[in-house]
Every structure is written in C-alpha cells, then in structure tokens.
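Letters are used for the chains, namely A, B, C and D, taken in the order the chains are written, and counting of residues starts over at 1 for each.
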Amino acid sequence: MVRVGIVGGTGYTGVELLRLLAGHPGVELSVITSRGEAGKPVADLFPNLRGHVNLAFSAPDSQALAACDLVFFATPNGTAMKMVPGLLDAGVRIVDLAADFRIKDPDLWEQWYGMEHACPEVIDEAVYGLPEMNREAVKSARLVANPGCYPTAVTLGLLPLIEQGVIASEGLIADCKSGVSGAGRGASVAMLMGEVGESFKAYGVPGHRHLPEIRQNLSIAAGRQAGLTFVPHLLPIIRGIHATLYGQLQKEVDLQELFETRYKDEPFVDVLPSGAHPETRSVKSVNDCRIAVHRPQNDNVIVVLSVIDNLVKGAAGQAIQNMNLMFGFQEKDGLNAVALLP
Amino acid sequence: MVRVGIVGGTGYTGVELLRLLAGHPGVELSVITSRGEAGKPVADLFPNLRGHVNLAFSAPDSQALAACDLVFFATPNGTAMKMVPGLLDAGVRIVDLAADFRIKDPDLWEQWYGMEHACPEVIDEAVYGLPEMNREAVKSARLVANPGCYPTAVTLGLLPLIEQGVIASEGLIADCKSGVSGAGRGASVAMLMGEVGESFKAYGVPGHRHLPEIRQNLSIAAGRQAGLTFVPHLLPIIRGIHATLYGQLQKEVDLQELFETRYKDEPFVDVLPSGAHPETRSVKSVNDCRIAVHRPQNDNVIVVLSVIDNLVKGAAGQAIQNMNLMFGFQEKDGLNAVALLP
Amino acid sequence: MVRVGIVGGTGYTGVELLRLLAGHPGVELSVITSRGEAGKPVADLFPNLRGHVNLAFSAPDSQALAACDLVFFATPNGTAMKMVPGLLDAGVRIVDLAADFRIKDPDLWEQWYGMEHACPEVIDEAVYGLPEMNREAVKSARLVANPGCYPTAVTLGLLPLIEQGVIASEGLIADCKSGVSGAGRGASVAMLMGEVGESFKAYGVPGHRHLPEIRQNLSIAAGRQAGLTFVPHLLPIIRGIHATLYGQLQKEVDLQELFETRYKDEPFVDVLPSGAHPETRSVKSVNDCRIAVHRPQNDNVIVVLSVIDNLVKGAAGQAIQNMNLMFGFQEKDGLNAVALLP
Amino acid sequence: MVRVGIVGGTGYTGVELLRLLAGHPGVELSVITSRGEAGKPVADLFPNLRGHVNLAFSAPDSQALAACDLVFFATPNGTAMKMVPGLLDAGVRIVDLAADFRIKDPDLWEQWYGMEHACPEVIDEAVYGLPEMNREAVKSARLVANPGCYPTAVTLGLLPLIEQGVIASEGLIADCKSGVSGAGRGASVAMLMGEVGESFKAYGVPGHRHLPEIRQNLSIAAGRQAGLTFVPHLLPIIRGIHATLYGQLQKEVDLQELFETRYKDEPFVDVLPSGAHPETRSVKSVNDCRIAVHRPQNDNVIVVLSVIDNLVKGAAGQAIQNMNLMFGFQEKDGLNAVALLP
C-alpha cells in the first residue's frame, strides 16, 4: 500500500481527495493536516466521510509527512513551495494541487501570483501533470504540478487543433464558466448563496491567473507563442466547468476524426459524436472530460465545447490520476465511477 | 454472475439503477426495456453512462426477461402487476420499485391508486423491502415491493420510537421535503425549472399515496393502528429527502442510546451524534439514511430528522440492497461509495 | 415629505428598504449609515440601485439621524437599543428591524439574546409591529419593534385559529423553511453557495431565538400561555419563508370562512381558496402573506400553509407598512407591486 | 386610457406583460386570450396576480381584439402573422413579441423558421422595436416587431463599437447565456428542473434562429454585411441573459467614453464604470441593460459584457417601452422599478 499524506484538508479539494481515495484499492491514508482543525475527526467536518475515513486532522508535522510515499498539497498558493524541498530530500514524492510549480518562468509566476517564489530552482524539475500531454514524464516525476481547473478544460479542448495547426495559435478565445466550488471553501461575502445564487457574471476579465498557464500549455502544443483571450464566469452551480473555445480555421481536416484519433487511447477524454453539446452534469463527480467540436454554419470559426468537474479532472481526480501513473497503478484505479445524473 | 433485467429504464430510477449496477461486482446487465426508446443505446439518452453501459434499450419481451435471474421494475404504478405473475412462473425473482405490491390490503390500494389490481392474489407473497424491518424475509423472497421514498425516510426515523412505545402511535406528524427527481422524468409544466426553481411549496396535503404505506409500516411496528398526518413539500434541489418527524413522548428513555442500539448493525443507517442536524447533501448519491433525534426545550415533543437520497435509499439503492440480500451478496456490494459533497 | 434615515444599510434588509423606499411617494431618504462603507455611494455596493438612489453611506452621526422624522434600524441585534433612547428624546420615531424591542420580558430577552439590555425601561413603550394584531397601536407609536420573519409567517397562519380557540393553544408545531437571505449578508462558510446549494437541513432545533417571540404572540392571541415546537430549516433559495403549521382541532367551524373573515380587511393577507398550496414564489418581492388552511383526511389535525417573502413582509416591507401607519400614508403606499413570477 | 389586448397570455411573456401593465398608469387591460384556458381567471393560473388583475382568459375573438388600441402578441412564432393584417385594417396597433416580423427578408425568415410567411407584404412596414436603434420609427409605427432576447443583449453590447467601426464587423463572437424562462412555459423533458438544474451546456451551436436577427441588426449598424459566430448556453437560473461579446479592435478610441456617449440619453441602457463586471441579478425584474467594456491585457480583442432580464428588456418590458413610445407616454412609465437584489 502506498502511504499517502494530505496537507490542507479542510477545503473542497481536500474533501474530494478523501472521497476518491476512500475508494482506491492501493493507498493507505496516513496523515491529513490542518492547522485550524487539528484534533478534529475529518468526518466531523465532512459528514459524507462518516464510516469511510476515520482519521483526524493533525497539525502540520514534517516527520509524519516525511514518512509518506506521496504527499498531496491541497493548500492555498504559496504554501507547498515552502515545504516541497524538504520533502523531496526526504524521498517523498509530491503532487501539488495549487499553482506553485505550474509556471515554468519564475518571473512570470511572481508577477501573476504577487509573491516571491520560495524555491525557483525546483520549478524546472516539476512535471506539469496533464497526462494527456505529459504521461511519460509524470510516471517518473518526483514533483507533479497538478494543472488548474480552467487550464485543464481549455487545453484538452484545443490540444488536437493546436498540435496539428488546424486553427491559428493566435486570436484564440476561451469563454469559460465555473461552478462556485472553484472559489474554495473560505468565508466570503462574494460567494454567499445570497450573492451568487440565481445570478451569473464574468469576473477577472482584465486578467486571471490561469491565463499564463493556459498560454504556456498552448504555446508548447503549438511550438510557438500562442495568443489567447480568457474570460472566466461564475456559474450558480456547485461543480462543473464548461469551456467554450473559439479559433480561426487555417487547415481543412475532418474535425471529428482529428479529435477521436488524438484521444482514442485516453481513458478520461471522451469525444462526443458530431453535433453534440456536452452538459457539465454528464461529468459530475467523475474524472472525465467530455468534448464536442463544431464548425457552425460551415464558417471559419471552430467552436469546441469541453466540460469537466472542476473538483475531479480539474483538481483531486487528476491528482489521483497522476498518482496512479507515478506509482504504477492502473490509471483508472479509484476513478472508475459513473457520473451522478440527474 | 446474476443476470439482471430492467423494465422501464428511461426514468430517473432506471438510470440510477444503471449507475449503481455498473459498479456492482456480481451482476451482469442482460436487458433493459423501453417501448419508446427501443434500439437506442442507453448511453445516448444518459451520457453519464458512456463507457460504462453498452446496452441498448429493447422493446419489452417476455422471453428475454424470463431468462434473467432478477428483474427490476422501474415503471409507473400499474405496470409491474401485469407482468409479475408470468415472470414468477418462469422462475424469475423480482424487485418492483413502483407501488404495485406495497399495500397489503388490495381495496386500500385500489382506493389510493385509482385502478383495479391485476393480481391481488400475489400481494400476500410480496415482501416489503425495507431491510431494517424485513431483512430475513427479503433474503428468500421471490417478489420484493421496494418501499417508496418518503416511507423509507419516515419509517426509519420513527421505527425505534414506535417499536418501543416511546412516543404515542397516534398524532404523529411527518413534515417531509423532497427534491424534484422524486417526481420523475416525464414532461410536465409543473416540474419545469421555471416553475419550481427558487420556490418552495407543499403539495398533496389533502392526501398523498405514501400516507397509507407509511401508516402500514408504523402500524406493524406499533402493533396497533398508527395515526399520522403527512405533508410532503417540493424542494428546489434535484436529489434528497428530509423528513422532520414529530411525536408525543410517552416514556422516558435515553433517546440517543435507543437509536444507536436499534441501528448498530445496520449498514445503511447512521445515527448522528446528539444535537446534530443532518443535511441532505451528506447522503447525496449514496444508500445511507442519516438520522438525528432531538427533544427541544426538554418538552414532550420528540423531533427526529431523517435524510436520504430519494433515488438511492429511496429507490434504486434500496432495490440493489434487496437484491444483495436475495442473492447472497455482501449487503454493501455496489453501494459503498462516499456521498458527493460539496 | 417624511425624512427617513437608515442605520446599517449594508445588509439585505438595508438594500431591501432602499429598493422599496425608492418607489414610495411620500418619503425622502436623508441619511444611510455604515461604519465600514462610509463615503461609498450606495449604488456602488448594490448595483440595482444605480439610477434610483444617489446617496452615499455616511458614518453613524447622531445629529443627522436626529434630524429625521423616522429612523429604521437595519442593524444586528443589540445595536438599536443603544441609540434609541437618545433618538426618542430628539423626537425621532423609530422602527427597529432587529429584535431589541420585540420581547416584553427583559429577562427572557437577555436569556435568548445573550447580552444585557441597554434600555429595559423603553421596552414597554415599544409596539410590536404586526399590523394584523396591533394596527391602532402602531399608528401612534414612537417606537415600533418590527417582527421577525418566522414569527410573522407563523403568527399570521395561526392567528384566526388561536384567537377563536379552534385549535388547542398547546402542542402546536411550526415546521418552517427559510431562504438563505434570512441569514444576512455577513461573510461565513456556512452560507457559501458551495455549502447550502443543492441541500436542505434543519437548524436550531434545540432552540431558536424566534421561539419566545412566536410564543409571546400566540399567548397574547390565546389569552393564555401557548405551547409550541418550532423547527426552522434552511432552503436553498434566496427569498421566501414557508411555514407549515399543525394544531389539534378542538372546535368545529368552517375553517375557510374563519380565515376569510378574519383577514377580509387586511391589505396584505391573502387567504387562498380551499385546497390550495401557496408557493413562496407567489409572494417573491412583495409584502403579501398568502395562506391556505387544510384538514387532511378529515382528521383532527389542522394544517396551515403560510408564505411570505422574508425580506419584505418578514422585514423591510412590514417596516414600511408600519411607517405608513405611523405617518398617515395609505397602508399600501410603496408596497403595491406584483410579485415576480416566474 | 389606452385599451390593451394580449393574445396568448399563458406563457412567461404573457404573465410578465400582466405584471408590468398592472403598474402602468395609462393603460386599461381589455382582453387576454387563451384558447386552452378560456374562462379561467388569470390569477388562478398565476397567483402573483391575485388582487391585481381580475380579468379571465377568453377565447381568441377578432371583434374584442379589434376594439383595442393596442394588441400584444405573446404567442408562438407563426401565430401573429395570421391575425395582424386584419387587426391593422381595423385600426389596431400591434407589438408582436414573437419573431414573425423581425427578419426583413421573407426567404431568410422562412428558411430559419421552417414555415411559409402568411403576410410577407406586411413585413416591410414592421418597425424593429429596439428603441436604441429605431426610436423615432417606433413612435409612429402601426406594427412593431419586438426584438428577441439574445438579439437585444448582443446588439446593445456591440452597437457603439460597430457603428463607429471601432471593431471589425467580421469575426464577431457572441457567447451568450440565458436563464430557463427563455425556453417558455411548455411541458418538456428537456426543461425539467431535474434535467437543467445544477448543470450547464451550450445548445444550438450549429445554428440558432437569433443568428440572422443579430446579423441583420449588426449589418445595419455597420453599413455592411456583418459576420458573427453565435453560441447560446442554458443557465440554471430563471431570469437573465449574459452576453459576452468579442471583436477585433481596428481603431484606437476611448472605449469607455464611446459607450457613455452613445447611451447617455438612453433611459434603459446603463454603462458601468470601467473595469466592472455586470451581474444578471442587477437587472432582475427591470428593463435595464447594463454594459461593461474591457480590453484585456491591452490586447486587440475587445470584450463587452451585456446583461438583461430576458423577460423584461428581452421581451415584455421592451414591448411596453415600445408601447410607451407609440402612444406618447413617458418612456419609463410602468418600467421604473428597482431590480430585485438579492
């Protein structure tokens, strides 16, 4: 059994890791830390875990974490980078669900995240944990930077088109919509149900931290600098991201075949039949990304629709998929449930 | 492998059976019928099943059903009773998720369901499939009447109190609230999101079909005729039932201990600590019933809070629990997931 | 024009007062205070007010308030009581939307609200502002204690039955459900959409502050001590309270006629036809209380269904109704809109 | 008083017309027709109208309608065109809330709406009722084609940019999101709360009927054929449209000033301060369109955010605004309420 630790287990990605790990055949949950809730049984905070997880939160403790085979960081940005070097030295492998190791350029990271990076020398080693791009590298990685939720949905939606130069790598538009769990479980007025229920809005239009991450992914895929406008919106649902993606056609191909071929061996990417409109609920609670590609009115603008559960393929599920690759499990271990519908 | 058939698979209990059976280690789904959707792959109607269920709907066919070990009826009331005698004769065991065999008194059934019963002689044989009341009888049953959603939540909430005479069996009140999936997947104005979203109301106050069913359960438990006022309400959520139950105390006992003792061996009933308030989301997608018992202001009115997922413990999950008992599976087989929270 | 001030305008009752007062023909909004938002235009915080309210928040200032004819307190419990004596001395009339003056017995108040009352000598003068009970007293009141949201819905639902002794004043049950705006606009984890969306639960079952207020109302109506079990629940909608009320019949009357007669001259109480089920959306945004009375199965338990908008008849609307009575306006001035449906 | 008739009053635009007309100072509601509900009081179907509208539905009757000064058609597409010529001959003025007279090219109309036009000769006379484009023409119109909901939000958002050639009229993208009331009040599986709650999806990507209407508006504004990709999505809220609009900058201007100048005299268009993100709830229940314009990352893609209430500015409110212009009322008569927030 792989001994697993979780740092920062009181947020939504934390409880989601616990939900999914509880059904994983090959892991043993050793430690889950929370400074604020130390001593409290996990199931007292999250009653869905009653009868499934008997652990209590403990104060962060380097030794207990150092005894793990793998540590997940489900912490705010800027926390993992302070502990990662020490854990790597102790031989622990790491999946960081926050953004500390996602951006390869430390200056760019510092500009968008507004703090100094604590271990810029480690960034290079980190593998960006999108298995559909980096499966082999993930397998042997000591440190995986788990992708952001929006970047996962957008990158998977555009990858086949960008890699093959079917659409221009400039002038891309990603109009994205996320459920409220993406904003986390911290107290705030802005995320009260009284504020966000029965309403809809864009946010972060001038600039959102996932923009440089998406641009990095697409630039790698294109082999040249990609240009993108990214507009996130807040959906009055709990789980789900829908990315509506627009690009300028520059090469005639069979779009449906392009997508089906690119993803035919991917266990978690499902290309829908031609003409389909994926619903976020079709991936609620599971690690799948469902994609449909359209060419409306036979015009030159290609439209891709891509949906994920932001807490699963956009966070905890992808982290476990990465763990499965790192430790030689079956890639779907613990991730084989059917989405909850209705 | 137990060969399973489903009659009427296009509603919410049908897709929920499929979601849960897809993860069951001991069954093989042989046939799923739908007159209206015959020929269509199940996963075309319910995209969450893509990659998990490859079957297509077929027209109802006695022979295909007769070749099953077990048939679930996920049909409207009045359908199963026409096919059950023939299937029993063919040696098939049956779990009816509708109401055809729940009420022991055929006259009472006909009065509430507004039609003549097609096989009143079979009713007696049917076992009411609430394992917490009838586990042993279920094991050997040929025909199980799967309980209604409200009756499950209400009965489990009141059972310990009624069985022990702790509260009066007269003057009981069950103020119940159900998510919209309880109304099924039929086209209707009344259940449009534009009609039921952001609103709340009672319905069926003069009389609801689950009233005689609940009364029957409580009367059996009390050993005498029970008296109950039952008021159902429609919640603007998809899944979940919350029963708020009121009874008049007539015997001083340790209420918490009473409930914990009664349910200590029940795999799907979770008695919360004293003072708790169960949330419907704590059982979303799972077969658990979570219960808390209160005595507000130390007064003589006992309040029980009982929550289930109406599509799982209130329908498909309980049906599979019954199947597990009937075929000697572990009672939690296929039903061991963690609730989806948030 | 009546000069009006609002203390504490950043919460939901504050913005609702502003929404309704903007359409009132006889008032001039003079001052609105907020310590935290002083200097900020009201419409910057609440964009719905753009073009309707040009005022900015100001720091609390006794002199500006003393120059008003009427001051509304839309503050947390315990704030108004500190400022009311001074304002009364300055000749200002007051409507307190919080609980400081609702409970006649100061000891009981202190027990439930957990603080010492700052001016117990003023409590006696305060008129409980439920016009359906105290219309004449409100007209000449200097200080009105605006009722709580649950007490409004419950009291109006039970009043005709209790006043006439039609049901017993003991053993009453009020099973109430409220939208999330009732919890206010303060930052909290508990009221995040991720926590309360798509879920339902009871809360405060051991004891809720509205219990003594409801009991006081019903005891006055009964002419003797009333006994009540009150269980509030949290609805995943923004606005609306639904009270489901149960009482034991002790006198045969025509229930429908009883209610219609009691409320025939009430501008804001609408008795629905026999057999109806009021929806909370039928009163969304308006000051009406809609009520239906049932006697299920011709049994002896009477069921009353009562709905209000918790921010209107349950708070700001009723406050303006009281103001209308105090200043000789038409009772419906500013309160004559049609509910928003759908 | 202007005598007003409504044809087809059982849908959401019908009840919304009634809600708004009930507060209009200058109209008298004479007749409201519904074949299916003839004889039933309007307030029986829509309880929010109790105490405000005493009319009953009547069967469609040419004579009663011919006695009106104005008739609103709140009917499915293809109904108004059969009755309009006769009513015009009778001297009645008409506002059609459906699509029968919106598209100037009858062939294009027939292609998108799949039926033959009953009176193509009348199309030319119809004035497209977007007051911000055609105010003067509306004033004297006999027949007004009330714009679609999406076209209203999109056109108002792009108008200043297109009219001045600030963005290219080709390659425009309109990523639009609508609440469920836009789909009407007809019984359907697709719009059940169990189907659309807690989910999000695009629909009609290959082609939606509002595409030619938007294209027509933008082409008129541009003075040349405009090119547009239009992707509508279904939001799990009841009311509200959010249009996120993308265009390629081709002329440097002060964008904020451009919008403020264009709309400074418009009573129902509110240009938000620079950097703002309008929420749909800020226009819930009112006739306003709130707009913000962005230039993210100082790049060449301009992003406009435009919100309306689809039932008000997107339907009934705009129809009344048009009526106000046609009959010389103040343009805000009956339309001056404050949006419902929260």
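Simple rule for what comes next: contacts are C-beta pairs under 8 Å (C-beta built on N, C-alpha and C of every residue); 3 or more make two chains touch, one makes a residue touch a chain.
Values in this document were obtained by computation on a predicted structure and should not be read as measured data.
Chemist: Between chain pairs B-D and B-C, which one is joined by a greater number of C-beta pairs in contact?
Modeler: Here the pair linked by more C-beta pairs in contact is B-C.
Chemist: Which one, B-C, A-B or A-C, has the same contacts as A-D for more than half of its contact pairs?
Modeler: Looking at which residue pairs coincide with A-D, the repeat is B-C.
Chemist: How many Å are there between the centre of subunit B and the centre of subunit D, using C-alpha atoms for each centre?
Modeler: For subunit B versus subunit D, the centre distance works out to 45 Å.
Chemist: If you average the CA atoms of subunit C and of subunit D, how many Å lie between those two points?
Modeler: Going by mean C-alpha positions, subunit C sits 36 Å from subunit D.
Chemist: For subunit B versus subunit C, what separation do you get between their C-alpha means, in angstrom?
Modeler: It comes to 39 Å between the two C-alpha centres.
Chemist: Which residue numbers or ranges of subunit B touch two or more of the other chains?
Modeler: 12, 181, 185, 194-195, 197-198, 236-239, 278-279, 281, 284, 342
Chemist: If you look only at subunit A, which of its residues touch subunit D in the complex?
Modeler: The touching residues are 171, 173, 175, 177, 194-195, 197-203, 205-207, 211, 227, 229-231, 233, 235-240, 242, 244, 246, 248, 275, 277-281, 284, 294, 296-297, 299, 301, 303, 305, 307, 342.
Chemist: Please output the residues of subunit C touching subunit D within their complex, sorted ascending.
Modeler: These residues of subunit C touch subunit D: 12, 15, 18-19, 22-23, 46-52, 181, 185, 197-198, 238-239, 270, 272, 278-279, 281-286, 288, 290, 311, 336-342.
Chemist: So in the complex, the part of subunit C that touches subunit A is made up of which residues?
Modeler: Of all residues in subunit C, those touching subunit A are 12, 180-181, 183, 185-189, 191-198, 236-238.
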